[in-house]
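Just below is one structure, and these are the notes that go with it.
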Amino acid sequence: MDNVAGFPVELGYSSAVAEIVRLALAEDIGRGDITTEATVAADAMAKAVIVQKQPGVLCGMPLARLVFAALDPRVQIEPVIEEGSWGDKREVARLTGPARAILTGERTALNFIQRMSGVATMARRAAVLVEGTGAIVLDTRKTTPGHRALEKYAVRVGGHGHVRNHRAGLDDAVLIKDNHIRAAGGIAAAIEGARKRVGPAQRIEVEVTNPFELEEALRAGAEMVLLDNHTLEGLQAAVQQAAGRAKLEASGGITLDNLADVARTGVDYVSLGALTHSAGSIDFSLEVM
Amino acid sequence: MDNVAGFPVELGYSSAVAEIVRLALAEDIGRGDITTEATVAADAMAKAVIVQKQPGVLCGMPLARLVFAALDPRVQIEPVIEEGSWGDKREVARLTGPARAILTGERTALNFIQRMSGVATMARRAAVLVEGTGAIVLDTRKTTPGHRALEKYAVRVGGHGHVRNHRAGLDDAVLIKDNHIRAAGGIAAAIEGARKRVGPAQRIEVEVTNPFELEEALRAGAEMVLLDNHTLEGLQAAVQQAAGRAKLEASGGITLDNLADVARTGVDYVSLGALTHSAGSIDFSLEVM
Amino acid sequence: MDNVAGFPVELGYSSAVAEIVRLALAEDIGRGDITTEATVAADAMAKAVIVQKQPGVLCGMPLARLVFAALDPRVQIEPVIEEGSWGDKREVARLTGPARAILTGERTALNFIQRMSGVATMARRAAVLVEGTGAIVLDTRKTTPGHRALEKYAVRVGGHGHVRNHRAGLDDAVLIKDNHIRAAGGIAAAIEGARKRVGPAQRIEVEVTNPFELEEALRAGAEMVLLDNHTLEGLQAAVQQAAGRAKLEASGGITLDNLADVARTGVDYVSLGALTHSAGSIDFSLEVM
Amino acid sequence: MDNVAGFPVELGYSSAVAEIVRLALAEDIGRGDITTEATVAADAMAKAVIVQKQPGVLCGMPLARLVFAALDPRVQIEPVIEEGSWGDKREVARLTGPARAILTGERTALNFIQRMSGVATMARRAAVLVEGTGAIVLDTRKTTPGHRALEKYAVRVGGHGHVRNHRAGLDDAVLIKDNHIRAAGGIAAAIEGARKRVGPAQRIEVEVTNPFELEEALRAGAEMVLLDNHTLEGLQAAVQQAAGRAKLEASGGITLDNLADVARTGVDYVSLGALTHSAGSIDFSLEVM
Amino acid sequence: MDNVAGFPVELGYSSAVAEIVRLALAEDIGRGDITTEATVAADAMAKAVIVQKQPGVLCGMPLARLVFAALDPRVQIEPVIEEGSWGDKREVARLTGPARAILTGERTALNFIQRMSGVATMARRAAVLVEGTGAIVLDTRKTTPGHRALEKYAVRVGGHGHVRNHRAGLDDAVLIKDNHIRAAGGIAAAIEGARKRVGPAQRIEVEVTNPFELEEALRAGAEMVLLDNHTLEGLQAAVQQAAGRAKLEASGGITLDNLADVARTGVDYVSLGALTHSAGSIDFSLEVM
Amino acid sequence: MDNVAGFPVELGYSSAVAEIVRLALAEDIGRGDITTEATVAADAMAKAVIVQKQPGVLCGMPLARLVFAALDPRVQIEPVIEEGSWGDKREVARLTGPARAILTGERTALNFIQRMSGVATMARRAAVLVEGTGAIVLDTRKTTPGHRALEKYAVRVGGHGHVRNHRAGLDDAVLIKDNHIRAAGGIAAAIEGARKRVGPAQRIEVEVTNPFELEEALRAGAEMVLLDNHTLEGLQAAVQQAAGRAKLEASGGITLDNLADVARTGVDYVSLGALTHSAGSIDFSLEVM
């Protein structure tokens, strides 16, 4: 890619991505990389490799490109394997360019890659668990502040279509919870208010806690229903009760241990906050040749 | 606190903190919280509590204050327990204010608190492990991009003086690694270059990989030495060899499992990347009354 | 409202609104309002009224509040009539506060109000035309650059539920056009790709140009279909062909003159670019007492 | 042009132009163009043309260049006809470059061009009406918020020297109105205050409402006089009274219908707010080949 | 003043002033004032005074207010003497507020005041020298980058009407120099081009180097003429030659030593770059009580 | 250098440098360089030279590169002599590129160079005075707001290792003054608090005013001591008393006249605020060929 405009084409030209890169570089570099400035000539060139040191899904190379491009557009990054590949203990990319930029950007680039690969890896594990069940795993808004776009992208990279993104924010889908229902004066009023507020492309989702509320939501025209903290039996009963009148989403207390069981209850979606709040990180290093 | 200027007094008026809050709100709210807008009156007021649901160190309330103040300065937050307290299953703060602001800011505030509490909790665990050894645990630059200031603060909140911050970025301390040494033409040249570049308050640290390099670094005037990926025996030998001529820091491959052993080798500092790259998160919820 | 945080609660705390206000003030004030600075004392106070001088729907008072609050939070604005009211030749709000802030902000505040009222007024006219037809009028992305949020809000204020917002941007709904279909290798492939990319709350819309494409889109699972530049007969035929299998949206060449006819063809939605690209403006003035 | 720095050379390197482009892209793209991302390969290239579909003056191609350059500097735009040309139903430019950038930037680029061409077209009409009268038409500060620089540029492009820009903002010229006069304690005091505040290159303009005020302003050294809402007879009388002692500007209630009449009264300038608040837009489309 | 919006009413609500304050605080505070954070309680309050330690004109208190308000709006500043007063060795203001904010903002506030007072003091000296000559002293664009608005304000504060501001930037007045003349193809062409580009309130100034060019410029309609690096005799001759046909400005090689002589040649304006590039600073301190 | 990313490699990729350049261009250009726009064709190319007109150390060429690159990356700058060279009346660089960018950026580029060269020149003079004394001269935080990084860089360029940077801001070193000591409850408590707050690489400095405080500070573990406003005899006595237990820094009332005397007292460091608050400027011009 020769695009040095700072908008990441792989991530849909989102300016939020450019901003977190800028912020990350600013916080690490501050007033300047004094060690590098004092020891490395301004015109020295270098070669380096990025090495994956633990098993997992590679994710985040577009961020590495943005980090180095922000410092010096002359840094070239050649991928050895593709974004989204699973691997362990191997070179994933080769870099050439000004030595100062490579040394200064190293830690920030790795900090992005190791976290995004952690999320993609967990998404891959979840994908395997639900394959064949017909259920789709969804991520949540429990993301790292400022990293929403990156983590949702990592979920897609690792999820292979079995793990997908739920809403990106408070503005691109309606999810009516109990506080909203109380404030609006009931489920029907809340749904009607939302219907006028949002575009025709948005389905409206309502959270329910028991069969009575489920019935009320379905009759009021809810197109998706969130079943929070239900037992497996409760989920199965809800699937039967809804009988296809709306899409059903299970959430709350779900981990990789019980994910497959939840998926087999017949719900359409299982949302898994742990994908982004507890994914851990995969170790990578950058080695100058 | 009545300070609504957006600079967090608890975090030293750092503008980086204000920026990550702004970015976090922007990514979650986007073009507006459509559910809340459609269901909650603009002038409705609400009360709510923040509840800690897992054991750990409470950390991040100043961020919650910044989040809500950014949305609406009329949101009031009254702490129930103090930042830095250890606890489980309890109310930690009470909120009153405009209902829309509380509902819209909820997720972003919790996303900060749960991660910062995770880091503070791991710091507390590390602090307990090294107490009495004379060694100080240090964090690293392996932080979440954009969260450096928050995570370093959480380390201090949880660390009780036994776990402290290493350098904040590339600009406030010199750490000369092998690439810098090669580029500068040797350890002595690298140290001399750094000495002219930085202020008199900065000690210069050099990374070494064997006893010969350690000797060379000490003779060249290194004031701190980083011993990366040494065995326990190697660390003990280095302590004897240095004999107080410089402060020694052990790093690489250290976890909560071997931390106490490393601390007992006699090194001055043990740096622990896992504090910020693998701390996990503590579950919190916000409940509207 | 006492919220002086700069995030407009009425517009869903969207930071885009704060940004266009900042930009508008910056371009008008530049290095300072030299006339006011030279003639009005810094501590002079003033009273003023905003007067609507042409018939139409009042819209934009939240922007006026943001404009004056940005200059000086002491400016108080008391509404005389409500946002969304229809009227002519009357006072709509009363202001008190520092004279400099009122004089300096006057033009920028009025520039927002007159355009937003123009859009709301056209939306009101469109609403009247389709009332009783069952069709909903939708706005488009043909908005004034930087004013998307304001104009979509004005459409809602004037539209009374009969005129609503289509997607807010390229990110909150999928609209597959011919170029996308060709690039993806067919309608089915395009829909499948989109399905994996977006959240479960998003319906997928496909643009078609003839009955064959319409059939293909319906069979591939399109949940909304855009019928661009169809005749009235073509629209009626499409309504019969679709037979409720997807929502239908008519667009292209629609004006207030033919809107009612299009609405009566039985389509679900009629999109009207003129709402935002040709709405004109309503005259307002600010008069210091 | 190979300048990809984001500062538009044609618009005088003004950063305000770069900002409205950034804001326009951000509001349309948000978290990413999901349709394009899901259907078009990241490395696909495309060709396209921009077509003018209604009669008018072409204006805004520098903005189109900025829009596409911000997304991807590899997009090349070759003009077919020159900025400022009058035409109808024809290709005005050819584009080649990454398909994603062309599709994602299309709407934003067109939104700029259609409005700026609308303003330039109205300026051309006004220019024709005053040609030969000796009067110059001026624009006003009744511009679209955030678009001041663009609309003033469009006025120049369409105005051919007969329609020109009045002051760009509150900071580059003094215009003393009745509130300023009252606050300063009279016309003479207001002019004297302004004289000390502004540079020697600035002429001072004063608004008057009757012959007595006109006389007072002229005697106090006003170098320009604004005659607001005067009848044709009133304007002619003022021209005779002033007898060249100051430049005279007519404003208020002027449209294309009465512009020529006003211009023939002998005033030096006629200001026309409709140039920017009611210009309408010219339809353009982008067609991928 | 209770205005805490960050726009300085005394400096005409210019956002450039807010930006340099933000930048100044960011560069000094960086990641936080670690000394204050480590030693002063977050809720400690303090009183302090600002003391002028050298003779000169006090200037810059609005900047001090912005600095402290940005850190904590609770800091109150009470002036002891007025902005623009001449004095020496005295208290100029009293502060009360949070101790951390006062200690952290001290240096930045003083850095502004000492430089602005330096400029105002030099302006006062220049004002005294030209009093009674009829000539006005002008500042230039040789200002400190980022401080243009502050230094032009300081010139006005110190200049008492005898020293005034020349153009604020490249956009609010036309100054045609030799390169522009050559590029335009002659003085007449350059003036004509400028006349169409700028508003009617702008006088056009042309730089000339000899009597022939002066004559050409006057005949082409130049309304101001810049005489750069002329001798006293040359200036007197130009005054006679121009005979009131345009305003004359002398510049180049002028210092406080020869300013009065130049002023007595009869030119209208004398521009003095030293006002802003060589004004020096006046010493101030902040003392906590 | 081909790096056009806006981060200055010579100044350690600090974003603060990019910001002051942006701010400086914005304040000078505002809405556009109207003279150049009106007289110079958009595609005209030009050659120019930058000439040093007074004796001194050349400093600031990286800033000139950033200024012109921000306007148009096609401007090429070829150095004639090296940054840091001493000279007078000579060409220092040659420029080629778009004429508009060169004329528009001229003043801003020169405004940076003339001030930075002034600081570097004063640093050179200070360096000569202390050579051979063993003392190092330090700069202070009395820098021009927004120019901290530039002025500290100029000090290094001119200082040749004899004049160095003290702390860059409030965050990269601890300097405990009397207010901090009082707030902390004594020197020992203040040092202990600071020790826990800062990284192991930071030495802690304490300001003392008499021999008793000096002794207390040394015993409490101060690693540097600031001796403010001491006589030469007082400094000599402190050197004897400290006897190498801590580094000693003299400050207060030091000028180029008494610098050598202070340096010979045996202190390790002499801080000199005048380096940045009273350095004056060196005259440069840009001449188009």
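Residue numbering begins at 1 within each chain, and the chains themselves are lettered A, B, C, D, E and F in the order written.
Definition applied: a contact is a pair of C-beta atoms (placed from the backbone, for glycine too) under 8 Å apart; a residue touches a chain by one contact, two chains touch by 3 or more.
Keep in mind the model is a prediction, meaning the values are calculated, not measured.
Novice: Would you pick out the chains that touch chain C and also touch chain E?
Specialist: Intersection of chain C and chain E contact lists gives A, B, D, F.
Novice: Computing the C-alpha centre of each chain, which chain sits at the greatest distance from chain F?
Specialist: Between chain F and every other chain, the largest centroid distance is to C.
Novice: Which one of B-C, A-E or B-D makes the same contacts as C-E, at least in over half of the residue pairs?
Specialist: B-C
Novice: With chain centres taken as the means of their Cα atoms, state the distance from chain A to chain D in Å.
Specialist: Chain centres of chain A and chain D, defined by C-alpha means, are spaced 44 Å apart.
Novice: Using mean CA coordinates as chain centres, what's the chain C-chain D distance in Å?
Specialist: Computed value for the inter-centroid distance: 23 Å.
Novice: Counting only Cα atoms for the centres, state how far chain D is from chain E in Å.
Specialist: The mean C-alpha positions of chain D and chain E differ by 31 Å.
Novice: Would you please write down the residue numbers of chain A that are in contact with two or more other chains?
Specialist: 4, 12, 14, 16, 26-27, 29-34, 36-37, 104, 148-149, 168-172, 174-175, 196-198
Novice: For chain B, which residues count as touching chain D in their complex?
Specialist: 27, 30-31
Novice: Under the definition above, what is the set of chain E residues touching chain B in their complex?
Specialist: It is residues 4, 22, 25-26, 29-34, 36-37, 42, 69-74, 98, 100-101, 104 of chain E that touch chain B.
Novice: What residues of chain A sit close enough to touch chain B in their complex?
Specialist: For this pair, the touching residues of chain A are 16, 19-21, 23-24, 26-41, 44, 46, 99, 103-104, 107-108, 110-112, 114-115, 141-149, 168-172, 174-177, 179-181, 183-184, 189-190, 193-194, 196-198, 277-278, 280-281, 288.
Novice: Spell out the residues on chain A that touch chain D in their complex, using ranges where they run on.
Specialist: 1-5, 7, 9-16, 148-149, 168-169, 172
Novice: Provide the residue numbers of chain D that touch chain E in the complex, in ascending order.
Specialist: Counting only chain D, the residues touching chain E are 12, 14, 136, 138, 156, 161, 164-168, 171-175, 196-205, 224, 247, 249, 268-269.
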